[in-house]
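Letters A, B, C, D, E and F name the chains as they come in the text, with residue numbers starting at 1 for each one.
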Amino acid sequence: MAGRVVRNIARADKAVIDGLARAGVATVHEAQGRIGLLASHMRPIWPGARIAGSAVTISAPPGDNWMVHVAIEQLHPGDLLVLAPTSPCVDGYFGDLLATSAMARGCRGLIIDAGVRDVRDLKEMGFPVWSRAIFAQGTIKATLGDVNVPIVCANAAIDPGDVIVADDDGVCVVRRADAASVLEKARAREANEADKRARFEAGELGMDIYGFREKLAAMGLKYE
Amino acid sequence: MAGRVVRNIARADKAVIDGLARAGVATVHEAQGRIGLLASHMRPIWPGARIAGSAVTISAPPGDNWMVHVAIEQLHPGDLLVLAPTSPCVDGYFGDLLATSAMARGCRGLIIDAGVRDVRDLKEMGFPVWSRAIFAQGTIKATLGDVNVPIVCANAAIDPGDVIVADDDGVCVVRRADAASVLEKARAREANEADKRARFEAGELGMDIYGFREKLAAMGLKYE
Amino acid sequence: MAGRVVRNIARADKAVIDGLARAGVATVHEAQGRIGLLASHMRPIWPGARIAGSAVTISAPPGDNWMVHVAIEQLHPGDLLVLAPTSPCVDGYFGDLLATSAMARGCRGLIIDAGVRDVRDLKEMGFPVWSRAIFAQGTIKATLGDVNVPIVCANAAIDPGDVIVADDDGVCVVRRADAASVLEKARAREANEADKRARFEAGELGMDIYGFREKLAAMGLKYE
Amino acid sequence: MAGRVVRNIARADKAVIDGLARAGVATVHEAQGRIGLLASHMRPIWPGARIAGSAVTISAPPGDNWMVHVAIEQLHPGDLLVLAPTSPCVDGYFGDLLATSAMARGCRGLIIDAGVRDVRDLKEMGFPVWSRAIFAQGTIKATLGDVNVPIVCANAAIDPGDVIVADDDGVCVVRRADAASVLEKARAREANEADKRARFEAGELGMDIYGFREKLAAMGLKYE
Amino acid sequence: MAGRVVRNIARADKAVIDGLARAGVATVHEAQGRIGLLASHMRPIWPGARIAGSAVTISAPPGDNWMVHVAIEQLHPGDLLVLAPTSPCVDGYFGDLLATSAMARGCRGLIIDAGVRDVRDLKEMGFPVWSRAIFAQGTIKATLGDVNVPIVCANAAIDPGDVIVADDDGVCVVRRADAASVLEKARAREANEADKRARFEAGELGMDIYGFREKLAAMGLKYE
Amino acid sequence: MAGRVVRNIARADKAVIDGLARAGVATVHEAQGRIGLLASHMRPIWPGARIAGSAVTISAPPGDNWMVHVAIEQLHPGDLLVLAPTSPCVDGYFGDLLATSAMARGCRGLIIDAGVRDVRDLKEMGFPVWSRAIFAQGTIKATLGDVNVPIVCANAAIDPGDVIVADDDGVCVVRRADAASVLEKARAREANEADKRARFEAGELGMDIYGFREKLAAMGLKYE
């Protein structure tokens, strides 16, 4: 039954989290073996943000945002709120007042598999949100949920304290225990990509850079 | 059967309408008891507009925009066009020429549970539209519809002369007769929110501002 | 069976292609008799681009972008890549490295009935994409597809060398053989629209400009 | 604000309602001028039922079925329950126990723009439901809604006491005041259709029965 | 521009068509190299039918079924009607009267990327339909389309006279010129499958029948 | 990285599993506190089955069913296959041959957040499947996935050996360790429901059985 709030959760190293933010979703996702993406319906409400933070998770009833208040008290600077409704819902759980409160606690953003509102204000405040919907429909405060329990959000399993990376490409979760090693792989990948980019700019082809010609011929590719 | 145009419709007071525009969709929706929202698939074609106006309603056949011309003649300055197709349709009923004509009549924007096109031009012209789709598919002029009759648009019932409020959060209808009292409640709500915002910025928690701790404990919330 | 690459495809005249770009999707679509639009789920990843180019087509397996490398070698300056997956897929087939390579070959953009990633980079590079989804999910290189064969992309049949026009209203295909005559009709249409626009701006009504009053009355339209 | 139950609603004549059931949705919809259909996502949970009844309407919060109990007390034999959630929801508001209760009150079925569950039991009981979803997700009893107020259900405006007709083709609402005249038109239509059916069975073509050849030629239809 | 009816179309051999029907969609689709499927939203209105026939194609305006009458006159016994709307539409283009007429002409069924109605009657008549939607919404007869021209239906390109195979798995198109060779491959496939089925029933594993163990080990599969 | 097969997984007690099957999805879901449902897009391919079994989980690449063969070897009698693709996919991963093989191993059914085919055969064989889609599109065997690792399937987290209950209401997962206690609660719930059903049949109202009248009045419900 719902009604649990876990107060002490472990978090990844701040420098690692910030490094993952700089790497961005696509690179992090590749670096950890193409896992961890939230579903593609999770879109930013304004373009250009690129963030990472530790997940403070919320499991909330449909149309009821009471637990968001409970969760805000659990925020540490550098955290993100991550909300999954217990059944599908597009109601606007979150607006400018809650964002003001969350920012005052050092919150870096919100990931929500439901709706938000006051999006013009949120953009002006620089508070980034990735959501399923934008919808002004209000919520109530009548039923308990949980804070800092494992959740499934937009088809991805997320534990409290996991690192969430989000940018215009979407949202990716990195297991807390894997964060440092994923960052290392992401940096290696970036170094490799910088070299590739220069060669592509110079007009070299992937066919040659990656040596695809022989493999493709062996597979039976025919030129006409 | 279709084929009616109602010429004289009552409209709300201009100052009230403009006040509702300033309040915005989320506040107006709350102020009138969380009713009146159009479905969340109604999205602005460009961000940042916040408008209100009196609804000139159009019930149009799928893929046929003849009635838009009829409706434009019925526009008074400060009105909005609100179009619902008689069966689901994403065709582009409306583009830059019709917007030019509507603007010349003082029209403030378009709400359409179907498609629009020429959206780059509409943005440059500053003509705001909330629609279900952007689609260049053209329409014909072959069948009658109705102008200024009650319609259901994006799952909301709208009467001609009702006040429509629209911004980045979506679209909300306010019954004409309720407009003044809703505005009053909206203003009270805004005053209250300004106070709350200051407290949230100062780091106070909703848990304390709203006195949630006891109620949550009584409901059985457990901290671990 | 898959595995064909056609190297020599005919292309339309460059001046015609550029003329079609200037006309834009809505006008071109009307000019050729309201055909050729791709489905409305094909949306630009950033607003404001208006382009046209010759289609280099790609039929690719779900989640496999090997053929994109093959196709890039077939690009001529002024071409567009047009990719249709062989079954529905939203994976990110294309990102900033492939865009770098394609731009080095003179590619004007990408039309893809699947996903893309690195969209912030693509926007900064000025590389326009129209896609079904934005999704960081990576792809593999394991299975053959085809390049420069006829495809169906987003419910539109496209042959290699056809002219693709794309802007904020969506994407339209013009048969290569029809390109010149469609451009001619588009220009005639634009001239006509300029005149109409001036009359609309001056406050004339479509009811009068197009002579609708009598036809509508004959159809039975009643004013109340 | 929510919290109203209207006890005395007017209903259409029972014989008229039963006649509309026999006519079926497609015929009734045509007979009243192609209006009144609920959206096509409203599908029967089992095939073959064809019913009509007087609407007892329910406006219910998302995920809260308390008002269904309130509404069941208001049922008269021959009524239908018609539920619209106040924001989009697919939770299972209704199952076999509520159906048992509703049937004991003479209820003929349920129209719900949300979810139902226990569908195998409902089928065995012969209780017909048209819904947006089948979903076992339970609901709570915490918030008020309204019973027998005007609602918008699946994009159709429905007043308490309106006649609802439902079969495998979907769901249609007939205004209570129009029920008798719509039935008359439906019967005329059926008589006409019986004659047409016999001619079609005998191999006559619609081209000849309806005299389309000349009109089509005048429109420019060309045979090759 | 629309308005063409092609009267003489080539058809595949009747025995080949009937053979393809017996093979069914999944087998035919595999036999021709995994191409030709219509989108998965095309579903049968009643289960159990397995048919094939020659396509008489219809390109129809949204909400206008005039061309269906034109197409019925072009039917030969053993044909199927295949309708694609020129823009997305779920209206009910087709019901029991048109089915009566089509059956009198020897039509085997309807494939329609839009809606149908009278589905209970169609089931009783044994007339099979694969459609995008079931919707009682009526259509008009005001605008020309085309009959027996190439169309794109549910994301598949279909030429008049192509063989359409349809069953509970969906709908597949086979190019007329390929029909005989596809049937041959389908039969070879079925013979091979019968052998496989017997081995699977006897408890043999695909791992052994297909020799997957070594390949998987070479790819790096690890058992724990 | 993918490529793991876990051979020894713990399973719940057979009698408990069979008891959960008899209770059905709605009751089990309620009994465990309204958690564990898979998304409502998971629908049975034929109606009437009610099963439970131990999950043998499969994480498979999009459009690649190689791991299904690997998983079948890991089946014990009484197990269910549960497949989640690593990115969204509707391809037909599974048909009658794989079902024959799975049944020969004692498999009770398939839960797949993707597509299946040969559905007429599967129905005749009595092999139940809950899926996102029915689609004849074939798959390949080129890339590794995992068997018997934790997965997220249709927005629900599932561990190998968890109990899956499925019927016409959808699909629900019960943690293996909770299975016995959930069954106990489910039985208590059923006993309670039998009593309620009798009272409802006798015409008693939920308003009285559950004592709602006072609570509703206290909340402010008004009768008119």
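The rule is short, and it goes like this: contacts are C-beta pairs under 8 Å (C-beta built on N, C-alpha and C of every residue); 3 or more make two chains touch, one makes a residue touch a chain.
Please read all numbers here as calculations on a predicted model, not as lab measurements.
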Co-neighbours of chain B and chain A - touch as defined: C, D
Least step count from chain A to chain D, where 1 means the two chains touch: 1
Angle, in degrees to the nearest 5, of the Cα rotation that carries chain B onto chain E: 180
Distance from the mean Cα position of chain F to that of chain A, given in whole angstrom: 28
Inter-chain centre distance, chain A versus chain E - centres from mean C-alpha coordinates, in Å: 42
Averaged-CA centre spacing for the pair chain C and chain A, given as whole angstrom: 31
Chain F, residues touching no fewer than two other chains: 34, 37, 40, 86-88, 90, 135, 137, 143
Chain pairs that touch, as defined at the top of this document: A-B, A-C, A-D, A-F, B-C, B-D, B-E, C-E, C-F, D-E, D-F, E-F
Residues on chain B engaged by chain E in the complex (per definition of touch): 61-63, 86-91, 135, 137, 140, 142-143
Residue ranges of chain C in contact with chain E within the complex: 1-2, 33-35, 37, 39-40, 86-88, 150, 152, 154-157
Chain B to chain C touching residues, read off their complex: 3-7, 46, 66, 69-70, 72-73, 90, 92, 95-98, 100-101, 104-105, 115, 117-120, 133-138, 141, 143-144
Chain A to chain C touching residues, read off their complex: 24-26, 29-30, 34, 37, 40, 43, 47-48, 50, 167-170, 172, 193, 196-197, 200-207, 210, 212, 216, 219-224
